[in-house]
Amino acid sequence: QVSDDVVKIGVLNDLSGIYSDLSGQGSVTAARLAIEEMGGKVLGKPVELVFADHQNKPDVAANLARGWFDQGKVDMVTDFPTASTALAVMEIAKQKNRIVMPSSGLATAILGEKCNALTAQWTTNTYALAAGTARALVKEGKKSWYFITADYTFGHSLEKDATEVINADGGKVVGSSRHPFPGGDFSSFLLKAQASGADVIALANAGNDTVNAIKQANEYGITRKQVVAPLLTYISDVHSIGLEKAQGMYLSEAFYWDFDERSRAWSKKFFEKQKRMPTAAQAGVYSATLSYLKAVQAAGTDEAKAVMAQLRKMTIDDAVIRHGKLREDGALVHDMLLLQVKSPSESKVPWDYYKVKTVLKGADVYPAISPACQVAK
Amino acid sequence: MPTPIRVLLALLIPAVLVPVFPELVYPVFIMKVLCYALFALAFNLLIGFTGLVSFGHAAFFGWSGYTTGILMIKLADHGFPVELAILAGMLVATAIGWLIGTLAIRRTGIYFSMITLALSQIAYFLAVQMPWTGGEDGMQGIPRGKLLGLVDLSVDNHMYYFTLAVFVAGFLAIHRIVHSPFGQSLKALRDNAPRAVSLGYDTDRCKLYAFMLSAAFTGLAGSMKALVLQLSALNDVMLSTSTETLLMTLLGGLGTSWGPVLGAALVVSLQNYLAELGGVVTIITGLTFVVCVSFFRRGMVGEWEAWLQRRRGQRAQAAKTHNATLKKPVTP
Amino acid sequence: MFDIPMQSLMAQLLVGLINGCFYAVLSMGLAIIFGLLNIINFAHGAQFMVAAFLAWIGFTQLPMLLGPEFKLNFWAMLVVAPLIVGALGVLLEKTLLKRLYHLDHLYGLLLTFGVALILEGVFRHFYGISGSSYDPPALLQGGVDLGFMFMPIYRGFVVVASLLICAVTWYLFEKTKLGALLRAGTENPKLLQAFGVNIPLMITLTYGFGVALAGIAGVLAAPIMQITPLMGANLLNIVFAVVVIGGLGSIMGAILTGLALGLLEGLTKVFYAEGSTVVVFVIMAVVLLMRPAGMFGKEK
Amino acid sequence: MSDTKSSTVLSIKDLNAWYGESHVLQGINLEVKAGECVTLLGRNGAGRTSTLRSILGLVGKRTGSIMVDGKETIAMPPHRIARLGLGYCPEERGIYASLTAEENLLLLPKVGDGGMSLEQIYGMFPNLKERAHSPGTRLSGGEQQMLAMARILRTGANLLLLDEITEGLAPVIVQKLGQVIRELKARGFTLVLVEQNFRFAKHLADRHYVIEHGRVVETIAASEVAAKQSRLDELLGI
Amino acid sequence: MQPDIILETKGLTKEFRGFVAVRSVDLKVRRGSIHALIGPNGAGKTTVFNLLTKFHIPSAGSIAFNGIDITHEKPAQTARRGIVRSFQISAVFPQLSVLENVKIALQRKAGLDYRFWQPVAALHTLDPQAMALLDQVGLSNASHLLAGDLPYGRKRTLEIATTLALDPELLLLDEPTQGMGHEDVDRIKDLIKQVSAQRTILMVEHNMKVVADISDTITVLQRGEILAEGPYAQVSIDPAVREAYMGTEEEEHV
């Protein structure tokens, strides 16, 4: 019941561009670790791995995925650091009856109007990240917010999601600036944010933009009076900002390597191969691959619908994801971490960057199922 | 029969057989190649025959894709014919071509390139800002519709033959334009503009027409790409799409009939088959530019033709391959 | 729209000026290169990036590799890094660019574009994409309160340093014998060579100098911007626009337009932030339509 | 400069030159000894300017032999040729528009010893001193012509190639230039003059070369001018 | 009836950033004549041509062609009216064949220049006419060669054939014999004489032999201004002209 007598996993992400540090080769390593953990076989058939660079271009992603599905015997594709590539491949996977498990593709659009039954947005999404951080900070009394938002869909969606939570919890948004992507210099926006007197300056952007904004916020002495809260930050970003400048920041993550014994043990294996600690996106690829293979094993087939049904039945609990349940709309609802960046003196070993403030229950941070999602009805 | 047409006929046989042996070459891949080849041919129509280097062609490519995409997404269920959607894409591209062309055509050389660059950045900005383009998420799941209301194009093989037919038609049309009285006018203009003017040629108008024709075929390529891949996205409108096409054209041979096609096939394959290499691809692309510009300015087809002619020792013919390199413009 | 208080407007203008300084230094280098070589140096951004990386390597990597006594501080790097990238530029000119002078502009542009891709690819391969950062020297850390804004000292330093570099370059090119030679060379290189001036050497050195200017900008930018392989590519489009608006080849044009566009971009960020990148191109299109050779350029 | 009048400063053998495809020089032969003044005569388009430009390596392609002070220069780049001590006053004057008159004057690098000082030059051309700070091309045609002459006197060049220096100048200035040339000759400079104005050249030159269609068709020593007057008239289309 | 004066300029002036290249030139060209424009280098001859063909915009003055003011027309428009020029530096289309060169002119005249939907074969109808023109200038045996491969003199010949293809009323020739050997010069001279039968010719020429032999009227320019005008016999003895251009054998009056 295994198609083509092989179970094949595809990692499709950015190996060369601006997202290559948070996903890239590390995700491939993570997937490999998952396959090794299954002994390289399910249902007595070999498990194989392919990977490719989609250059963040949906047409390249679509073409690669199509080729994988039609000719390469690939059963499941994971990662996708940009929503456009994830959405493009989901569309094809639906036609070809294959599974897509975005790990770094965080757009809530994947769960909304564009949702389909063969997609599992594994690691987290913009809403969960924004909601986690926003909720925690508003609770601490940081009521007024200013957004510096990338003028791109993911930026807008981070801002929108966070705003929803802020308003719901009694905070308020006093202003926002939308910057072109990529940004480069954030001084203007930071000064406006500073002038607004908001308690929190939320950064609804990603990658180098976030890093630059944080560096420059330090330069202008903003971090001393206001809280800077990046809504989408990977450990690789903090690594490149350095603790000196990042210290004290709050952020949400689906995974932190130093969370507990299990996460540490797995991360150590990853570190040996990659010489870096895994980002949540990379860890998510591991979890997605592992869970997929387990589901194939349990379902006794690699037929997509059967595997998805199996995944929905399981409770996901591994070195990365805790208390995870896959919902109808494709969201994997699981525990999230609210983290605070350590000061340089608190950091004892390399990559010792975060204090875990709270574990946020999935139900508290994941959005309700979108009415736009037809599958879930 | 002219050589390029003979080559086309010869290649048509394996091309027709592709869907029969999908294990050998993947039809969707070939379709993508065909779309980009058409794009490069259209681009070549401008650069190869007028010497104008446009950095704005992505605007035509992207916006025609958006146009076809949105029409099909919104109206395909209501029986909107796919042919009209393609035509609309071409029209939009031609209209943008007219707009950019009118502004840019009065300048030459580097200024022409820079104006097209500026205007295409504006086209990109609009694509980000307009809600219906889907921003950086793009449009997915564009329905392919039914050809003439009969043939279901969502079947890859049907789409394949349709794309092939469009490509052949596009190739022939461009071949015809190049070898038409207007094509002669363009050649004369490129060869010696002041002289052409003194013979009564209206340079600006000729160039504008060439620009719009090039935009129209770029639009056709963009619309077809949107249908083939069933998506349209921001990167189609980006500057890098224009430079990539420039690379294809240069690699294959500026001003040659088959150069752009070969270049497109090579670059698209590189994207597909070197996808595992990741970052190295950038370095390879860069090296290709450097090597090509330094040593093979005529591109693959151009060098090949030059070699053939050198072998035949036809000095008279050899001059023709100058086509493949841009000269400094002649001034009065 | 006009509810923006005067004070914060001042602050925004100052910030715009700081960016304008980078634009000015970068576009000045491009303008110098175009003036004499007739080449649009697409590698300018990559060369800027390489210098920033060199600064960072000298500061953090060398001591790790060779021992702490090899740590090169900011001031040393401000000299060393531009010299290295300048030398690389000379190498590039000597080997590849000089073969293209008789051809259309396009080829120089494509070649340097290829070089840019290679440099970006190589640095990405070795240092990844998220980049690293580099602190300003201790002397320039911290900031002063100007009343209407908190001004990081380093940024102030950048403004002063850039304006100084612009002034020195301008003086060198407009007011000295060397400058006279360069200007004459731009006008009629062949004749000048017939008077005994070694034009090929002058061209090589000019390219090296233009590239070194990008290098200085790179070192100056290192403590402000994240040092990533793409840091230059992102800036380059705007810098092109500056050079074209200023008038290809005009040094004064590059300086003034750089500063002016920095200010304008700053203002756009206040009123319509989304459009702050595109505004430069709108202006470029408008300027070129009215003055085909740019604000300060002469049409050939 | 050399005091042995016999040493050959410039010796051209079978010089051919092309502008693109137009074959403008088709075998020029001539020889100039130190301290001599020779002229190249001929009709418009005969190839006199091209001969000078070929000496400096400014034409598209050239073949043959050009020896300057005994050194073969046919394969040298222009700046190396110039540094053998050549000074060139081009037909189109070649004043740099972006430089002031004085900058133009000081621009050229030294190519030999014993160039004139700025004071000497201003002494010779007082007009230039007056206009020292105006942009080079704002000077009147005659002033530009003087400037073009003056600037090569500063460089220490001792072989001067002068192309149509009297072109478009008022008679008084022409006279003045005549004096300058005589003075230069007296100082030992070697001069090659290209002239339309035979009246001007006649009294200055030791020898005349008449060029037609890129070839030297007649060599006339100063002493033979009277004898060969009719031949000369015919050649120059007078 | 056509007016006797085909081309007339009044006060034609061209200034290049402060430098006046052509100053207040009143030029009258009689229909059916060969009119030569001579003068020292830089006198402004080419500039006058550029003004007449609209490659430069006059700073002042007017140009009338057949009594119609064409001062503000575009170059292509003027060409379509029947003023066609050749260039000082050979101007053929080097990458087209000799026949195609001529047909480029013919197709423009036939209004086929924008036909992008027709095959080149549509131009075959122009072949006889083109061949006839080539025959007239003695190039018919070279019709299939690339123009770029022709020897210099024959390029100039081709240029004249191409110009003739437009059947211009007024033909402007800028140094038609420049850079040519003796035989070529004579051939071109005869050709000019021959084609002048049905049209007017205005030419810039340094070769006095050509000028003396075929021109009806000569205008001498100096420093942008008209110095003298008249038939060769008259102009050539004009002391001012001898002084400025042709040179004189008189003793120098120092």
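Letters A, B, C, D and E name the chains as they come in the text, with residue numbers starting at 1 for each one.
The rule is short, and it goes like this: a residue touches a chain if its C-beta (ideal position, glycine included) is under 8 Å from a C-beta of that chain, and two chains touch if they have at least 3 such contacts.
Note that the structure is predicted; figures quoted are calculated from it, not measured.
The fewest steps needed to get from chain D to chain E, moving only between touching chains, is 1. In this assembly, A is the chain whose CA centroid lies farthest from the centroid of chain D. Among the other chains, the CA centroid farthest from that of chain C is the one of E. Separation between the centroids of chain B and chain C, computed from CA atoms only, is 33 Å. Separating the centre of chain A from that of chain C, both taken as means of CA atoms, is a distance of 36 Å. The distance from the centre of chain A to the centre of chain E, each centre being the mean of the chain's C-alpha atoms, comes to 74 Å.
Per-chain Cα centroids separate chain B from chain E by 42 Å. Counting partner chains per residue, chain B shows two or more touched chains at residues 279-282. Each of the following residues of chain A touches two or more other chains: 16, 20, 151. Not a single residue position of chain E touches two or more of the other chains. Touching pairs of chains, sorted by label, consist of A-B, A-C, B-C, B-E, C-D, D-E.
Per the touch definition, chain D reaches chain E in the complex via residues 21-24, 43-45, 91-92, 137-138, 141, 164, 167-168, 175, 178, 196-200, 202-203, 213, 229, 233, 236-238. Every residue of chain A that touches chain C in the complex is listed here, in rising order: 16-22, 151, 177-180, 182, 184-185, 187-189, 191-192, 194-195, 207-208, 211-212, 215-216, 219-221, 236-237, 239-242, 244-245. By the touch criterion given at the top, residues 22-23, 26, 28-29, 32, 128, 134-138, 140-141, 225, 229-231, 233-236, 271-272, 275-282 of chain B touch chain A in their complex. Note for the complex: chain D touches chain C at residues 56-58, 77-79, 81-83, 86-88, 90, 94, 96-99, 103, 106-109, 111, 152, 155. Contact residues of chain E toward chain D in the complex are 18-19, 40-42, 90, 151-152, 155, 175, 178-179, 181-182, 206-209, 222-223, 242, 245-252, 254.
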